[in-house]
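Okay, so chain A shows up in both of these, paired with chain B first and chain C after.
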Partner chain A sequence: MSQSRIIGAVDIGASSVTVLVGDIVNGRSLNIIGKQDATSAGVKKGEIIDFKAVSNATHAAIMGAEKSAGTQVEGIFLSQTGNHLEGFFNSGAVNVTSSDNRVSQGDINRVTTEAKSKKLAADRLYIHHIRNHFMLDGRQVGDPLGMEGEKLDVGYWSVHGDERKVRDHIHVINGFGLNVEDIILSSIASGTVIANDEEKRAGVLVIDLGAGATDWAIYQNGVVRRTGVLPVGSDHITNDLALGLRVNRKYAEKLKMTFGKATLDSEDMQEKVWMVGDQMIGDRRIPKQALIQIIRERVEETFELVKKQVGEGCSPKELPAGVIITGGGARLENVDLAAEKVLGVPARHGELPEWVHPNLHQPEYVTALGLLHFALSGQSLDDNQTQRRERGLLRRVSHLFGV
Partner chain B sequence: MDELNQGSQSFSGTLTPEGVRLKIIGVGGAGTNAVDRLQLDPNESVNLAAVNTDAQALEASPIGDKILIGRSVTRGMSTGGDVEIGEKAAEKDETTLRQMVDGQDLIFLIAGLGGGTGSGVAPVIARLAAEQGALVIAFVTLPFTLEGARRHEIAENTLAGLRTHCDAVIPLPNDLLLQQMDETATVLDAFAQADAWIGRGVHSICSMLTQTGMINVDFAMLRKVFSGADGKTLFGLGRGEGKNFLDEALNDLALCPLLHTPGFARRADSLLVNIIGGTDLGIAHVNQIMASIADKFGSKEQIVLGAVIDESCQSTVEICVLGATHTSGYRPERKARRTAPIEREPSHQPQKKKKRKRVPDDELFGEEGDLLKPQVHESKLGKKRQTAIDLDQEEFTFVAEDEQRGFFDNTDRNIIDGEDLDVPTYLRRGVRISL
Partner chain C sequence: MAKKRTKQTSTNSTWRNIQQSFTGRAVTKHARKRRWMLNLKFVGGLAGLALVGAGVWAGVQFLKSDSFARIMAGGSAPVRSVYLETDGVLDEDWLNDTISIPNNIELMAVDIEGIQAVMAEDGQVRSALVERVFPDTIRIRLEEQHPVLRIVMQDASGKKYLRLLSRDGEVYMGQGYPKHLLRNLPFAQGVTLRRKSGGSYEPVEGIPQVADFMEKVRILMPERFTDWKAISLHHFDASGQSGTSRYVVSTRKGYEITFSPDNVEEQLARLQSILSRLESQRRRIDRIDLSLDDAVVKLADSSPSHGPARFR
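So, the complex of A and B:
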């Protein structure tokens, strides 16, 4: 008999809460059976500022998703972003103990524990330890067990966050009576589905332009090398427009969606657009040039800041597979050109793999799809994961990513 | 200055000798320059003074009443941008400064923040003036983002200090003023622009006090508006000329950049509106202006209206809106305001808040639309009588915080490399957006 688990992927963003329901059959295949979006409230810059509003929006979205799936969700995978997230690279090294110089399980355990042993400040907690490749005497190896060598190294990209802010997210889900099975960084969730294995091996930078925050992740040799969060998103574009064009947020959002562009072309210079569009009293003509200039400044600055965070890794040599832009902000016309111009690396819009239903081929769903992907792969990894983390409230959410 | 004083004497027919004693004090280099450039009507009985630590700069100023302070600290040289030296200089010469502000009713303090003298001395003068019982209104320019994070920090600190002593503080961010400039503008033009804004503000307030208006506002009223107001100040100017001067002025007011700074109070608890127009300005016009302004800025306690007829201003109208919130403090204390009304009438709160949410920005920007709506006329009489129309104005009590200030204003500040990323990029980079 087939065994199925119903998993909910919840992406609480600044503009909308996206819930996808996946049916994981036998821990091997994934069917997406339900989806629901709800307008988000109470989230700014990726962080919860109004717990109640967020809870209401999220609960409504989960409920709608359960309804569309026709079944109840058993566990939730949750995305996490926000300025409080930080990452660092830590590595460990051990000498192989056995006399025949073959790596034992004990050696592997020792080196991984050592690499993850860095203590955090009291109010911080680990969200991910992302393992990079084992190195045996400087050789890159997939699984060193039983191989011969003298020195075993391993490095982890560890991401940690503010305990309270992470807990807030968990509480939102707990408030609905569901457990959070795992928390996954938005950038990693997006990156895992939007970039294919070949790109991840070669080296690729995935930039998820959310409403509240911009998340990025660099893949190299098939693993996540670095991640980062910039607390600037398309909400900022809207705010800039509202202030710069002296229109309210509603019209600023509308203008951004309808006429927004990340590059200024010569034909836009003289054009004027209507603010409301009904050309009635109260409507105003707004120069397209002003509109685009405001957006362009913000978008270019965002990429400049990403470039600064990434540092030296931001070059065509380090990123042969280029830059992939995704998230709701990817809808902005010519945003890829702006990214390419600033980052100096070829950039393109992300394309979801073919197995994803056409209905979900939208940049807003990428993070939630990535969460489901993790729900699936996390389960298939069960075998070699030594200890299944205890479920329930307020456990330490650290997760080991296998390669 | 002498000329100005003589001018005022000849005008004293309507102004008793015990009329309002006004003094405009420029502090520091930027403040002195601004006062130099003020183009005041000689009829306005205004005293000008300049305070600086830099003897050379002071020497060059045409202002009569020059006060060099901190000679013992700086030997007549400037503070070199050091606030502490500025403060020290002010302390050393406290007696001189006290004399300067002595006996004044209304003091305009004009300074450029971010440097040594303006930031160090202005709060001291504000304190002394307040101790003397004068009403203190400060116009201060804030440095350009490109001037660096340090100057910004100084300016922010000083601003907080000024807010505790002054009755009204009107910050003019240079970034924002640059937006009003042509691309070909020089640095000098940019500073002149800042000075022009200060000039318009000062002029508007002075003229409402010194000229007897169609609807007169006197000093007592001004005082009342700001009494106990140590929160934020709302300040906006709008000007219209030609055939549709009224619409133009209201448009201009709605587009006034000062009303769109994040962190600038957009709604006030008490509001003073002064209209300067030609003889063709009818009472109907005034009503129209009032109704639309009350809608936009909402004042739960009072709106004070002044209208001045200036015969040289045919077919033009200038509207000056000056308001104050009665909550004290800068960011942290504002939280208190939110809870207070809820305690008072918990049952009404949610409904009203909801209503409010829909109204403010739509109304603020849909300027022409407002004017033509009939209900505007229904409410105008009440507003003119300065009594808050309870039904209408109660609504303004519960304004969502983020609508009052920028969208990100109640979140943590987003500082990276000394720049607040929540502030629009084009403003920080000085990119001019022409509407």
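So, the complex of A and C:
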């Protein structure tokens, strides 16, 4: 008899809350059976500033997704972003203890524990320990168990966040009567589906341009090397337009979506666009050049900040597969060209794999799709964590009653 | 005043250690709606289970009920006939005297449990089963007591009346038996009766052994058994503990025969031998005691030699 788990992927952004519902059959196949977006409120720069407003938006989105799926979600995979997230690289090294110099499970346990043993401040907690490759006497190895060597090294990219802010995110979901089964960084969730294995092996930078924050992740040798979050997003472009053009946010957003570009072309110099578009009283013409220049400044500034955070790793040598841009901000025309210009690395818009239904081929769904990918693979980023819940008799009976 | 944080730094401080709880009040209307729906589903599930259980129970009860039997039999009609099946002698006259079923009463309206109870009160009825045979018949099946002895009783006024003893030791009036059957039943003597609260008597102990004894005599010496007038159980011990337990049989020819409850066949063989020899000698007998190892015969005074004689 096939076993089915209904998982919800929740991406709480500054502009919208996206929920996808996936039916994972026998842990092997994923059917996306429901989706819902809701206008977000109470989120600023990826962090919750109004718990009730966020709860309202998120609960409405989950309820809508459940309704469209025709079933109830059993657990939630939740994305996490925000300026409070930080990361560091920590490594551990041990001498192989056995007389024949073969690596035992005990050696592996000791080195991984040591590499993850760095203490955090009292108000911080770990989100991920992302393991890089083992090194045995300087050689990179996948699984060192049973291999011969003297010194075993391993490194972890550890991501940690503010405990209160993470709790707030979890409690939003708990408030709907659901359990958070795993938390995945937005940049990692997006990168999982937007970059293919070959690009991850070669080296690629994934930039998720959100409304309130910009998340990035660097993949090298098939694993996540580094991650980062900037408290700048496409909402800032809207704000800049509203201030610079002296229009309200509503029209600024409309102008951005309709005429916005990240680069200025010669044909845009003389063109003027209508602010509202109905050419009635109150409507006025705005130079397109001014519009694009404001956007370009903010976009380039954002990529400059990314470049600064990434540091020396932002070079064609380190990133042979270039830069992939995704998220709602990736809808902006020529944003890839702007990225390429600032970062000095070939950039392109991210494209979802073919298995994703055409209805979901929108940059806004990339993070949620990545979350479902993690739910399907059944593997947590943390190598010592298991995320599967037991399916006991009581749980089955409860499920029978829809509880 | 702000609460002082006491948490220590720790290497295993991960988000997974955060307690996830759903017990608080729902913050949003969507959460409240969902919680309400879940509770409703849970209660609905329980109610559904309860309904299924109640349905199964009701179904079983219905299958066991008269209504189901009536439906299966095509419905109920006024009672047209009453069948009496018995292994004894009770007949329709007795039935009419014992119960009364109103004319044109619906079969389902007949109180078969009441009829059964009335019949069971009759001492001659060992068991009674009353059934409805749809659409219009009542069938009564009886198991009757079968008499093995007669007993003469006397009330406080000195009036004597006859009762029967069944193989079970039940004392009952007995009706419908052929006269010759009753005439051939020996009387029981030396029996102690104990009254029950309803006026009837407790079963007499030991009658099954006596009945077995009489059955053997009836089979092995049928012509002699017809001479037996009474059996005294005065010295009979039903428990079998006493070594001096005896049946004392009075015959119509005037002599008494004493039997031990043990080795009845052997005693009967000796009795047959003694009686044959003495009858051929035309001797009159007063008493024969077969309970001893050597049978003792006391001849009547008019016999040529009337002293006790021993027979082996």
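One rule holds in what follows: the second predicted complex is superposed on the first by the 378 of 403 C-alpha atoms of A that agree within 3 Å, B and C clash if a C-alpha of one lies under 4 Å from a C-alpha of the other, contacts with A are read in each partner's own complex, and residues count from 1 in each chain.
We take it that a residue touches a chain if its C-beta (ideal position, glycine included) is under 8 Å from a C-beta of that chain, and two chains touch if they have at least 3 such contacts.
Since the model is a prediction, treat every value here as computed from it, not as a measurement.
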Chain C versus chain B on the shared chain A, clash or fit after superposition: fit
Chain B versus chain C as contact partner of A:250, first or second or both or neither: first
Touched partner set for A:240, first chain B, second chain C, both or neither: first
Cα-centre angle that chain B and chain C span when viewed from chain A, reported as a multiple of 10 degrees: 120
Chain B versus chain C as contact partner of A:166, first or second or both or neither: second
Chain B versus chain C as contact partner of A:145, first or second or both or neither: neither
Partner chain(s) touched by A:337 [first = chain B, second = chain C, both, neither]: neither
Touching partner for A:301 - first (chain B), second (chain C), both, neither: first
Where chain B and chain C come nearest after superposition, their Cα distance in Å: 17
Interface residues, chain A side, partner chain C - complex: 51-52, 55-56, 59-60, 62-63, 72, 116-127, 161, 163, 166-167, 170, 174-180, 183, 382, 385, 400-403
List of chain A residues in touch with chain B within their complex: 44-45, 47, 49, 83, 231-232, 235-236, 238-240, 242-251, 280-282, 286-287, 289-290, 293-294, 297-298, 300-301, 305
Chain B to chain A touching residues, read off their complex: 254-255, 260-262, 361-362, 364-369, 372, 406-408, 410-412, 414, 416, 421-422, 424-427, 429, 431, 433-435
List of chain C residues in touch with chain A within their complex: 5, 7-11, 13-18, 20-22, 24, 26-31, 33-35, 38, 41-42, 44-46
